[in-house]
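So, here's a batch of structures to check.
One chain, chain A, appears in both complexes that follow, with chain B as partner in the first and chain C in the second.
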Partner chain A sequence: MKIVAVCACPTGVAHTYMAKKALENAAAKLGYNIKVEAQGALGIENEITIQEVKDADIVILAIEVAIAKRDRFVGKPTVNIPIQMAVRNADSILMQLAEKLSKLD
Partner chain B sequence: MFPKILGNHLIFTQIVKLSMIHLEKQIHIIKYTEVCTKEVLRVMKNVIVRELIFIDTEFKTQDEVLNFIASRLFEAGRCSDVSEVVRGFYDREAEFSTCMNDGIAIPHCLNQAISDATVIVVRNQFDIPWPQKEDQANLFFSLLIPKKNENQMHIRILAQVAQLIMEDDFIKNVRDSENTQIIYDLLKDLNKTFEMEKEI
Partner chain C sequence: MRKIQKALMTGVSYMLPFIVLAGMTIALTGIVSTYFGVKIDFITKLNGFGWTVMGFIPPIFGAYVAYSLADKAGIAPGFIGGWIAANPILEGTKASGFLGALIAGILVGYLVNWLKKMPIPTVLESLKPTLIIPLVSGWIIFVLMAYPVGFFVGGIYTAIINFLLTLAAHPSSAILLGAILSAMCAFDMGGPLGKIAITFIFAVWADPSGLGFMANAAVFPGIMVPAISVGLASYIAPKKFTESERKSAPGAIITGLVGITEATLPYAFRDPIRVIGCNIIGSAVGGALMMAFKLATSGVSGVIGIPAANNPLLFTLAIAIGVAISTTLLVLTKKEASETISSEDSVNFDITF
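This part shows the complex of A and B:
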């Protein structure tokens, strides 16, 4: 499963980066390919390219605020999750997504 | 001959004008340098300092711990208004709770009363109710973020602290530390990111 994700929280300092790390750790553990973009106080980091969006099976938006360049994801299967859920339950979120995607195939 | 004198005079006037402009530029540069120097001096405070790590505190409410954090920040000369910072904490908690699993909360705020990016660690002796999540916490990593003149490197250090909190080993070490020096030692390397930037 190839995933692209964007994290953004109100202050852009704490949860943005915690969620990024949680999603990356969970993907590494479960053997999924993930790229997580952070949109926080430092601007856009680890920006997802159009090509990466094309290649992705799913888009995860763990965002509590409006994000820049959201139009990249138009037409892609997208899941919106509260950012604190990404921080706390990244493993189970990715597992559930994998299961749902496999059923679609 | 007359036109020549007039010509010299004109040249002289021109030189004077140019010197004046040059002088003004010099003054401008000096002023600008002063501003820069002040800015550098201002941002030189480290994000993580031992004096702002507290253990064995005996707070019973969220209000007590948030007021304590804001007051220590004020005493350290890192913010101009305690109540503004406390209000900032509550505004942020209202968005969604900063209380995490395992009795950890990360009350943070971005506020114009804050002058220096700071991490304050409080390890309380017992659980404090955290109403916004109907949960309890006893270990607090507070991130204080200035609104003005945000220093990118400082924000990066705060972001790194946030990521460290996700690591079980780090949390275990903080919980097991016998004194604040040990906790400081676990965190202090993050300050170096900033020092490296200063040298460049």
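This part shows the complex of A and C:
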């Protein structure tokens, strides 16, 4: 499973990066390919390219605020989750996602 | 509701750097010019610059509330609506501050989304994003903010000032007046109600009874208690505040000490009823104590104004009691911050295309 994800919280200093780390760790543990873009206080970091969106199976938006460049994800299968959920439950989110996607196929 | 919540947080997110820059600039320049007693032109200019930046807060807030709801097309009209909220245009209207900017941002968000969907002749389709949406949304938000919102706020303004003047006419209601003035400042944290309280003070400033200086003393708790209390409470009960709230605590306490209430806004937005409620109670008690002790001052700007009080010790005590009450109430009533949800919480989400 190839995943792209965007994290963004109101202040853009704490949760954004905690969620990014949690998703990356969970993906590494479960053997998924993930790229997590952070939209923090300084702007976009680790930006997801159009090609990466094209290649991805799923888009995860762990965002509490409006994000920039959202139009990249139009038409892709997308899940919206509260950012705290990404921080706390990254493992279980990815597992449930994989399950749901396999049912869709 | 979640959309509005997200819009609010987006507005806060983009407004924060302005609050920090404006708050800290005004605070530090105030301290320098008061305690070093020298008039340095650069410091005066820097202070003026701080207030200019403060004036950017409502337009930026309005712009990004609208951006969250309507994307890029919302920014310009949202900015304009927020600017009118801070700078009333017509005779008889008053500034509605960030509350007005919030209304403007939400109105613009829905208006622009509606305009985007509005069917128009195909030949005009390319003109829609470049010409029609900016023009129509800009005009509509100008009319709404300048007229109905402006006059509504202006009307409330006059009514409240008149009410306060009636209270002020009877010495027996002085304590109540102190509590109300202070609570008004605590309620909207640098917004229109607080401005009404300040306007009232200037209206009675030269009153032979000395009421002006007493009313001025009474608003000190309302201005200082909220930011100091949320900052202190996040040290005492760290679990009840989010990590970013804890990180902002030192800044909130400093800005609160120098009389910039706006630092409370991010805390209030996340948990409005408890934060504003607790702050109002502590501030009202502080304001009532000011009147009860017959305290008066001609100073402004938080701790910088304390030496100007007729009894600096009791004056400080009244503020400290307000802070103690608000902080205690915050610690008692606030719930654990949501980031501490347990990992057993089930994950429920849908895939959308």
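Definition applied: the second predicted complex is superposed on the first by the 105 of 105 C-alpha atoms of A that agree within 3 Å, B and C clash if a C-alpha of one lies under 4 Å from a C-alpha of the other, contacts with A are read in each partner's own complex, and residues count from 1 in each chain.
Keep in mind that, in the parts below, a residue touches a chain if its C-beta (ideal position, glycine included) is under 8 Å from a C-beta of that chain, and two chains touch if they have at least 3 such contacts.
Fair warning: this is a prediction, and the values are worked out from it, not measured in the lab.
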- prompt: After lining up the shared chain so the two structures overlap, which partner does A:L42 touch, if you call chain B first and chain C second: first, second, both or neither?
  reply: first
* To do: For A:K21, decide between first (touching chain B), second (touching chain C), both and neither.
  => first
**Message:** According to the stated criteria, A:E64 is in contact with first (chain B), second (chain C), both, or neither; which is it?
**Reply:** both
Review point. Does the superposition put A:I34 against chain B (first), chain C (second), both, or neither?
Key: neither
Name the contact category of A:N80: first (chain B only), second (chain C only), both, or neither.
second
| request: Pick one for A:P10: touches chain B only (first), chain C only (second), both, or neither. | output: both
Q. Should A:R88 be classified as contacting the first partner (chain B), the second (chain C), both, or neither?
A. both
For this session: Determine, under the contact definition given at the top, whether A:K100 touches first (chain B), second (chain C), both, or neither.
Result: second
So the chain A residues that chain B and chain C both touch are 10-11, 13-15, 18, 41, 64, 84, 87-88
Within their complex, chain C touches chain A through residues 6-7, 9-10, 12-13, 16-17, 64, 67-69, 71, 242-244, 247-248, 266, 338-339, 341-343, 345, 347, 349-353
Seen from chain A, its contact residues with chain C in the complex are 9-15, 18, 41, 58, 63-66, 70, 75-81, 84-85, 87-89, 92-93, 96-97, 100-101, 104
Given the complex, residues on chain B that touch chain A span 92, 95-98, 100-101, 106, 108-110, 143, 145, 150, 152, 155-156, 158-160, 162-163, 165-166
Chain A contacts chain B in the complex at 10-11, 13-18, 20-22, 25, 40-42, 64, 82-84, 87-88
